[in-house]
Structure formats: C-alpha cells, structure tokens
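Across the two complexes that follow, subunit A remains constant while its partner is subunit B and subsequently subunit C.
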Partner chain A sequence: MPKNNTRLLTRRQTLKSIGAAAGAGLVMPSIARMAHASTQGPIRLGFEVHRTGIGSSYGRWYERVGTAAAKRINAMGGINGREVEIIAEDDGTDPRRGAEVVERFASLHECDAVFGTLFSHVVFGAAPRAGELKMPYFVISEGYHVAGGLLNRYSFQPGITDVRAQVKAMAPYVSQNLGKKVTMFIPDFAFGHDHRDFFSEAIKNQGGEVLEVIAIPPTETSFTRYFPRIPRDTEMIYHVMVGPAVLTFVRELGEFFGGRGPALFGYIDSLEAVDTASPGLEFLEGSHFWEGMPRFMQPDADAHEKMYREAVGIDENGASVDDPRDISTAGHMFGVWETLSVIKMGMEMSGYQTRADTGSFIEAVESLTKFPLSDDFPQGEKIFNGKTHQVFGHQNISLVEPDGKLKRVHRTSIEDTLYENDVDYTTQSL
Partner chain B sequence: MTREQKSLWLHAAVVLVLGALYFVLPEYHAGNLARIMVLAVYAMGYNLLFGYTGLLSLGHAMFFAAGMYGFGLAVNHGGLPAGAAVLIGIAATLVVSVVVGFLALRTRDVAFMIVMLMFAQTGYLIILYFGEFTRGDEGFVVQQAQRGLFGFDLSAQGIRYWAALILFSACLLGIAKGVNSRFGKALVAVRENEERARMLGYDTHRLKFLAVVLSGVLSGAAGAAYGLLFGYIGSTFATVQYSIFPLLWVLLGGAGTTLGPFVGVLFMFYLIDLSSFLTDAYMFIAGIALLLLTMFAPKGIVGQIRASRVPWLP
Partner chain C sequence: MEFGPHLLLASLEGAVSAAVLALTAMGLSIVFGVMRIVNVAHGEFFMLGAVLAWWIASMIGAHPAVGFVVAIVIAPLAVGVIAAVADKVILQRIGYDPERTIVATIGLLYILQQAALMTFGPDARPVTPPFNQRIDLPWFEFTKNGLGLFWPWGLSITSYKLFVVLAAILILTGVWLLMTRTRFGLIMRATQQDREMSQAFGVPVDNVFAYVFGLGAALAAIGAVLVVPVQQAHYLMGHDPLLLSFIVVIIGGLGSLPGTVIAAVLIGMSDGIISVFFSPTLAKIVATMAVAMVLVFRPQGLVGKAAS
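Coming up: the complex of A and B.
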C-alpha cells in the first residue's frame, strides 16, 4: 500500500504515460473502425442449399464446405472488419422455391449476396429474381448458362469451371489415350445436351467422332436395354449420368461388359458421394474419370489442398473424417470454398459496407482476372473472365486403380479450357 | 340482402383488401402475395373442374405448362411482344384442353384421372424431347426487357403486384358470377348426380367438356402470367408435382367454394414459408398440419366455415 497517495509522477512514469497515449492514438482509429463495422452487423450471405430433392447429396456437402469456408474467413477477421454470417435455406432443388428463397434472402434476411446453387434448373428459376432484386448471385453449377449469356449481370460463376471448358480441355487426352470413336451416354436433358454438343465438337477437332449418342430419359430406372445400341467399333464410352439411378447405370454397364469392352471415360458426377470400392463397381478398374478436384489425396498434394481437406473434414479417401462411409462430392464442392474467397476479394476491393455498394461490388468482381493457387483457391490457380462472369481452371483426369482409388493421370492447362466470349455482361446496366 | 349481393360484396371486399395490403405489407410479403395470386388463378381453374364439376384431374400441370411455354416460346423464339405472347399462351392452352378434353372425357372416374395423368406426363416428356427449343429440364429465362406490357415493366415489384391482382380479381369475379349462373348450377348438378342431370335434359358430356376447356384455359392463363411476371419457363411446372399442388390447395381451401383456392394457396405457401424458419424439417411440419386439417376440417378451411357458421359463403 503506498504511503503517500499525493506523490508526484516520476519521470519514468510520465514517459510511460506519454508512450501509452501515443500507442493508443495509433490503435484507436483501427478500434474505432472495427467498432463502427461491428455496429453495422455482420456481412450476411444467403446460402441456397439443395438440402432436399434430387440435389441433396451434393447440397449436404456444399453446406459443409460453405460453413468451413465462412469459419476460416471469420478467423481471419471477416470481410472489411465484419463477421460473415451464413444464412442457409433449403430450396428443395426446385426452381420456384429457389426464386422464393432468393426473395427471402433479399427482403427478409437482408443478405448482401447469395451463393451456392448447383442444379441448373434451379439457377434458371432463381437468377431472374436475383437480377430484379439486384442481388449478387454466385452459382456453383458447372452449367454453361452464365458464360452462355442466358442469365444477367448479377449472376456469376467464379468458383467452378463450366461444361464447355471442361470438355474442350479433356478431349485431346481422351482421344489420344482412350479412343477416337466414341459412344456417349448422357441424361436426356439440358446438362446432357451440353455435353453432347460440346464434346462432339471437341472430339471432332481432335480427329475423332461420336458414333452414337444414347440419351437416357430422366425417369429411367433400368439401362440394360440401351447397351445393345452401342456400335461395335466403339473405342470409348463417355458417360455422364446424374440423379438417383446413376449407381444402377454404372453397375448394369459393368454387368453388360463384364470388365471387357471399350474404354470407359466418365464424369465423376456419375459417382459423386458414392464409394468407388462399392461391390459391383469392380469393373471400373482401369477406367478414367473427370474430376474438378481429386477425391483421393494425391501424392503430390500441396499444403493448400491439405489445409482445405482438414478444414472441410475429409480424409485421404475423400470421405468424412467422422464416418468413412460418408463419401464427399469432392469433385465439385471446392467451388463453394473458392466462391466465398471471390466474394471476400470483391467486397474488400470495393470497400463494400451496405447494399448501396452492390454496384461497386459487382464491378470489383468483374475486374478480377487471376486467382493464384493459395489457401483461398486450393484447387489451383484460375483465370477469371469478368465479361462472361465465368472462371477457368485446371481439369483432372483420374484412373481407377485396383483398390478402387482414383489416381490423377493428367492435369490440363488452363489455356486448354478457354473459348471465345459469347456475352459481355458488363454492357448491361446495373 | 340476397345471397348474390352478399357474395358480390364479399368478393369486392377481398379484392379491395388485397389492393390495400400492397401499401401495408413489407416488400417480401407483397412479393409473396403476387406469386400467391397467380397460383390462386391456377387453383381456381382446377376448382372449376374438380370442385364444381366433380372431375378429379391429376394432369392439370399440362395446362399450366402449355400457357407458360406458349408464352415463353413465343417471346424467346418468335420474338413477339409480351402481350401477344400471353395470348399465344392462352391459345395454346385452349388447343390442348380441347384435344385433351375430347379424348379424356371418353373415360370417367378413376380412368379419367389416370388418362389426364398420362396426358400430362406426355406433355412433360414432349418438353424434354424438344430440348433444343425448350432447354429441357433447365428451362429458360425470359429477360427483363422482354417482360413489358403496355409500357409497364412487369418485373418491377409494384407493377407485378397490380398485374397479378388484376388477373386474380378478373378470374375471381368471373368465377363468382359464373358459378351462380345457369351454366354454373348445371355444372354443380353434374357433380351431384350426373344421371339425374342427364335425365333432366342436360347434355352432361358437353357441360363436362366445357368445364375441362374453361378450367384448362384458366390454368394456362396462370401459367402464361407466371412466365410473364416471374421470368422463368421450366419443365418442373409440367411435372406431376404441379398437378398435385392445385388438388392440395383446393382441398385445403375448400372445394366448390370461390375463395377456397386462394385460401388454400395462401395457407400452404405460408405454412412452408413460416415452418422453414423453425426447422430444416419444414416439410415434416407441413405434412402434420395438412394431416390435422384433413382430419378435422375435411371440407377445407372455407368449406368448413360455410358448413358450420356462414352458410351463404359462395
């Protein structure tokens, strides 16, 4: 206890006080900015999730990645000093509900942007409403709808490449290594038609040809009756099936050929969330798949990919760390992570604070050109086209090994994926 | 006051209240109400056939989709202005309903229901088959610039609300008048006892045919309006799910009542919307609520009110 409470300050104490005051003067503006930012509340991002309906197996994993990405962004200080709050709602993989959910995000939850839609018909259903509400709408869909000019200035696809780019990039490898005479199995709807049109063009440019396109109606549950239509001189079967019957399709294909027959090249879409070592899929050994990002950890995986896998909670086999039977949709879901990184970049570039800044936010995203390989973009570097609102990146071709694991055997260059612009959204008004 | 006068005042009041709500409701709910009014027109069309004529159809999505695609294709591929495209949509539905009515009415009861379901499934597959024009399952967007009518931009929130209200009011008042006319009463006679109606000299087949056509055209008008006001044309609207929705709406609201379809759509819409605030399992809550309603109000909300308290309800 001091003996004299009224004693004068010593020289040392005075210097300390002055130093503390100067330090506070330096720190206070930052604190004031943070305090100001916090009074504005969090940045709210609406997450349109396919929790139910045909897209639910993807939706579950998309949600998991979105949550992990937001957690990481918040751990780094949020966006413009503000916490990121994810508001997730189920759209039932239904286009009408998709539009209603966008409306809820905009008018009810007062979100700053919306992201997450995968299935193209839901994108088509919701994008017009997002445009009317001037709500930035980031899809992770693979469809050619954004770059094809079918949507509007508020729609972006910066987290995943589109079918046209994927097909164009892979045609050289598959034609040189798997065969030039191709029979295609596609779902008989727009996603399949995009594959048919773009792959037919791409394989022709490589000196090959599509002998037969077998379009499977979406309601089909048994596929054996289609297999006799495969021409005898087929060298490669190209399959890209989606929906609940894909496993049946792949199994019946195996039963039909019994491990012999033409080379198989498929989109991992056919087996997303399905264990490649499942009984009945043994015939897939030696076949090839496209993967947006490898499901199985590759020997040359870099630190960024390892960080991403740990954050999302998937093991070396691409399954949940909590349940090895719970296989992820690793080929696509990285797009959610990278989309959130792009939203962060755009908002920080534009100094985004409120919905009034939406125009500058859109322009900032449009001005982005390159995304480097980093923790923000663990799938790899990217080129972004601000006019078409579409990203371009590396594609992976993987081989199914005897143990059912997928080993990457080819990685395309980004340049292989590029094509001429079909739209310039920047000419549309904001 | 006569029953007809009471009915007129009630319907006029509903229209006025809906008009007034636009100035009171927050933007989100006003947007919802615009969508609900368009879907209520679809339900009213369905109610004309099911509630008043007694014909259970599981294929009405084909009429809704015919109007929607007639409109959308005319705008996107035909380059027509929105007004003309809406008329094309309605004309397309008229043709479809005449053909389907002519063929399907050769059957009755369960067979009629199944034939309608099959026709609708055919319609859905036709949309997928001609994917080059329809964009198959994805559908396509009608851009904002293509959605102008008489100089008004129908993608704007306010204009859209009033356009939906005008369509809804016209259909509601038209149906209210129609079901009280000789024709409307004859339809009810067919529903109650077709044999007796025939014995009294009514051409019941003709009446049922007209009911199918009118019901189809109303549903198609709703489809065209949906495409015009919300800018999306998609095959989802042609699936069996969208044939079951109007049945649910009408059963919930009250079959054979003029306001039942609107109440049914309103109830169902907000049941899902509000329960999704509470839990991810919102369809579970919706299912339980529907089950309870079916058990304790089998005549639907308006039907139950009419049966227990307000017998003059139209």
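Coming up: the complex of A and C.
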C-alpha cells in the first residue's frame, strides 16, 4: 500500500511543520505577529458619515477630521503594526439608512469597528443593528442615549461628552450671569428632549425655572411663528437648533426682538458651519454659546490644540484654510479625532487582530479610565466611565465679541459634569 | 403675547407664505390647465430657482440689491429654459400620456435634486436680502383717555417680507394680463379648450406646450427667488412647496387661475395662523383634511367647473 504510506508520511510531516511553526511562534512572538499582520491587511474602520440630508455640514467636517486623524495614526505606524483604512459611507442622516450602512460595514466591507454617527435619531436607528451584529459602534453624538442605557454593550461614546453632563456643568454659570427664567428652543427629537429634560432639572437645582419649552420639527424652515409663545417674563432664551435652517432661526430671532429681547444662551449647534459675521446676526453680539472646543483660536491655546487645528485644516477663525467661507463644525468635530485615538488605545491594549478579538477589544475600551491632554486628546483631559461607555470632559462657554468672534469666558471642571451611573453595560453579555 | 397682536403677527406671516405659495401653485395650475399633465417635478423647479439665485448673487458679489435684481431676472429665465428643454426632450416624446408623464416627472425630480446635490452641495446657503428694515407695528388698547397705541414686544415685520407680498401680487396680475389680454394668452386658452382644433387653426401646439411648461417652472422659480432671502437655498427644499401646491391646486380647482389664488391665500393664511396658535403639524393636517373634503364633496374644486 504505497499510496497510504505516502499519505501517512505527509500527514506526519505536516504535523511536524505545524509544531515547528508553533514553536517558532512561541520563541519569537513578535516576528510571528508581524508576519501575521502583514498577511491580514489593514484594520478596516467603517465611517458612517452624514454626507447628505440635514446633517451634511457636520458630515463634511467629520469626514475631514476622520481622514486627518487616520493619516496621523498611519504615520505613527498604524494600529498593532497594521495600517488603518477608513471606509466612509453616507447614511443620508437617515435612521433607516444608518442601520443599512452598519450592515454593509459588517458584511460587505468586513470592518473591524464602526464610528462617526452624530444625529441622535440615526444613532437610535443604527445602534441596535450594530449590537446584533456584534460590531463595536462608536458614536460622536452628544446624546444621553449611551450613558442613559438605551443602547447596548457594543455602543460607546468616548470622544464627546453628553448633553446631561454639559448642561449640568453650565447651569450654574448661565443662571448666575444670564437669567433664571428660561424659555427653551429645542429640535423635536431625542437630542432636543435630552436638553429639555436635563436643563430643566439643572436650572431648577440653581433656583431657576423653565417657563416654556418650544420644540421645533427638524425640517422646519420658518420660525417667526413660534416666537410669540415666548413668555413675557423670560430672562434668558436657551436655543439649541440643528439642521439646514439654523441661520434662518437665529436671524428671525434677532428680527423678532429687534435688540430689545432677553439674554441669549445658545448651543453652538445653532450656528455650526455658519459664519458668525453673516448679515443679520449682528444682534448676537454679547450673547453666550456653549462650545465643545472653541471655533476661534483662543489666546491661551496650547501646542496640542494648534497641532490639531493644523492637521484638520482650519484657520484662526475656524474656517477651512482653503476657503474662508467654509466654516467648520469645530464645536463638535474634535470628537472624531479623539474617538479614533480611543479605538487605537483599545485595539493596542487587547492586541486586536481579527473580528474574533472583538470581545477583548470591548473589554479593553471598558477598562480605560483617563485620557490625558495630548496630541491624541487635543480638546483636553477626559475621564472615561467604562460602565456607562461615556466620556466626561471640560465644557466651554464663549461670548460673541463685537467683531463677531467667539471668546471663551468660562471653562467648567470635569467634576462639574459628573453624575451617577444609570446603567452598567459591562453586565450585559458579549 | 396678547391675542390681538398675536393674530396680527400670525396673519402677516401667513400672508408671506400665501404670496410665495400663490406663485408656485399658479405655475402648477397653468401647466395642468393647458397641458392636462401632472408635473411632480414642480418642487424641484422651485428649488432650482433658489439655488440659482444663491449662485448668481454670490457670483456678482456687489451690493446685495444688485445680485438680487439680477437673480430675479436670470434665475426664472434659466429655470424656464431648463423646463422647456425637459418638455421637448422627455414629455413630448412620450406624448403627454398621463401615467408615463407622472413617472417621467418623478424621474426628473430625482435628476434635478441629485444634480443640485452634486454641484451645489448639501449645505443650506443664504442670500442677503436687498433691503431688510425691521418695522415695529403698533397695537391699540383702551385706556382711561380712550383709544391708545402701544408697541408690543415682538410685533414686527421686515420691509423685505412686505416686498415679497407686494411682488407676488404684481407678478400674479401680470400673469392674469398675459392670459387674458395678449395673443399668447389667447393661444394658450385656445390650446387648453381644444388641442386638435387649435392645431387645425395653425397653432403650433408642441411649441405652446414647451412655453407653458417653461412658464410654469419659471413662476415656481420666481417664488423661490423671493423667498430665499427669508429662508435659505437647500437641495431638499422642493418637497414642501410641491405638497402645498398640489393641495392648493386641488382645492382651488385644477386649472382654474382665480381658484388657485383664492386657495393659496386660504391655505397660506390658515397655515400661518394655525401654526402660530397651535402647531405647524396641525396646520398641515388641516390642509390635507381640506383636500380630502374638497375631493369628496366638490371634486371640481372651489372655483372649478364641473366636468360636462
């Protein structure tokens, strides 16, 4: 039976060579890993971008920041010795398409993780599908949906703070300096409702009250009709609008009051990607805005912030270096940069190589606690809560100067933003 | 805000939206009246008008008024030409067959919308109004000394918004004169009444259709150029005007010009007033409900003649 003998021999030889390879792997793990890495190709990160639809101004800048951050990571040697490849797809700022895009990332592009979603209704549409597909899903949304326990173990928000933390930290400053009787303008979906719920609570704790909440449908184009509902004894108007009509909103607000109205406190969301020197916005002078990160270069900006601004291509006024009319979404987009830093940290801690390592990658991210101020985290130091999957950081309040520029007048501490955990995702199964 | 000033403000806002709506719906109504086709891409001609207005105004870059004046002349003309070409290239080839026309104009809707997205981009862009003074409005009250005037907080309008209403009235008057007092109007009405007989009398029906389709689109574009300094140009802005124009045209009576104006004022004002006092969503519900009621009880519309 010569044939059989040959086969036996071959099998033995095969076993031997496997053993030898395993032995070599044990002796020289780093070489084995590098050889392994080079055959695996790049780490593929799916980037869910709002290229079209109502979130498109944010999407354009999120994409630029994501590309710049990936370029920097690759210049530093990639993740675990592997190049990072960003695969961007448009979700149309649409929840249904958001879920489809996550599915395409998982099955078609075979991505290792997905990041980038901003608008909270899209997060709500896509996150459950990401959980079902066991796909790590990093949102940069500000919504309380992650820390509020409404999503799942695969969803994280390590790059930007959430609305609850933001309003809690800022309520003391605005109630002392701007007014205690407040009328709120919010977009009528989850993100706006977070503002309504948590700001009402926060201002109450400061001895103030919300007189009226005016919720505006996200596709609204005309706003004057809503303004008569502002009660006469309002001391401060709190506005946080999003979408293509934000400029119309602030302009009509100015026309309505004609310079005689209450104090204004807005989220920079109401003016993201809009030039603060636009005609009709003169009335904003002296009003205050929340900014995640300052749009205009502040006199005390540190080296990390300067490095980041140069890398993403924005000038001193927060506009594109290529086109001064192309205003960035600087108040939010740093979150993309920092999220990629966190993904890198998590993958390197867990020695991530394939999708089979997703569990240990998730656990590694959950074990993170502190992000120091650095080139990786140019907005500032942060505290990460692995149980709620949410990051905490400093908040900025800026004042509109006579020349239309925003000047930071207050920076909260991280401790001001902390609140008790509403969820412990680590108890959920992987 | 007290009831009186509140109502005045709501009516003023309603008048502005009624003015723009009347222009847009008039375009749809003329197209339907003469050509007997439903143009689903009408809202996109509105959007094109706004987008072109932004493009022209930002190209010129002189005083905002110069850019605006050029835009209000050039943008509707350009949109009219695009529509006339679309009529010649697409609608004429399918013989204005009702079903195929609907499908073809849906296709046109997406082509125009995506072309705007690819060239103009996904952002909303503002156009500076040529002039824009805030006008405070007084309200009266009864005091011990009799009737007195006071200036309530927020009761105001801008000079530009008043101009929009005035401009719409002028343009609609012009359209009415065109239809009733000119040779072109006569030809259009003849084509509307009997297409084949007009052709027999030497009316170039194909060309008339192209002109009418262009005129309808140009009216939508004028409405858009007027509204774009108040709102902003955006590639998705065509949806609402399309829906509201259909509502207006159905309520007013398909193809009836006076009916269209009456319905536009009704819908625009009720939209303004209901959305101020209750909610914008309720205003849309009421308008859609009105369409259903008209279709059930008066299918020919408020002013339209019953089919003989």
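Everything that follows uses one rule, which is that the second predicted complex is superposed on the first by the 392 of 430 C-alpha atoms of A that agree within 3 Å, B and C clash if a C-alpha of one lies under 4 Å from a C-alpha of the other, contacts with A are read in each partner's own complex, and residues count from 1 in each chain.
Keep in mind that, in the parts below, a residue touches a chain if its C-beta (ideal position, glycine included) is under 8 Å from a C-beta of that chain, and two chains touch if they have at least 3 such contacts.
This structure is a prediction, so every number in the text was calculated from the model and none was measured.
Peer 1: Can A:66 be said to touch subunit B (first), subunit C (second), both, or neither?
Peer 2: The answer is neither, since A:66 touches no partner chain.
Peer 1: If we overlay the two complexes on their shared chain A, which of subunit B and subunit C does A:220 touch? Say first, second, both or neither.
Peer 2: The second partner, subunit C, only.
Peer 1: Is A:143 touching the first partner subunit B, the second partner subunit C, both, or neither of them?
Peer 2: It touches subunit B, and subunit C stays clear.
Peer 1: Just to be sure I read the superposition right, which of the two partners does A:258 touch: subunit B = first, subunit C = second, or both, or neither?
Peer 2: second
Peer 1: Quick check for you: in the superposed arrangement, does A:335 touch first (subunit B), second (subunit C), both or neither?
Peer 2: neither
Peer 1: In the superposed arrangement, does A:95 touch subunit B (first), subunit C (second), both or neither?
Peer 2: First partner only, subunit B.
Peer 1: Examine A:46 and indicate which partner it touches, taking first as subunit B and second as subunit C; both and neither are also allowed.
Peer 2: A:46 sits against neither subunit B nor subunit C.
Peer 1: Which partner does A:346 contact after superposing on A: first (subunit B), second (subunit C), both, neither?
Peer 2: Neither partner.
Peer 1: Please report the subunit A residues shared by its interface with subunit B and its interface with subunit C.
Peer 2: 51-52, 217
Peer 1: For the complex, which residues does subunit A have touching subunit C?
Peer 2: 51-53, 56-57, 59-60, 217, 220-222, 224-230, 232, 244-248, 255-258, 260-261, 273, 278-280
Peer 1: Touching residues of subunit B toward subunit A in the complex: what are they?
Peer 2: 26-28, 31-32, 35, 125, 128-129, 131-132, 135-144, 155-157, 230-232, 234-237, 273, 276, 280, 282-283
Peer 1: Which residues of subunit A touch subunit B in the complex?
Peer 2: Residues 51-52, 89-90, 94-96, 99-100, 103-104, 106-108, 120-121, 123-125, 127-129, 131-132, 143, 145, 150-152, 188-191, 193, 217-218.
Peer 1: Flag every residue of subunit C that touches subunit A in the complex, lowest number first.
Peer 2: Touching subunit A from subunit C are residues 1, 5-6, 9-10, 13, 17, 64, 117, 121-124, 126, 128, 132, 134, 136, 153-154, 156, 158, 230-232, 234, 236-237, 240, 272, 275-276, 280-281.
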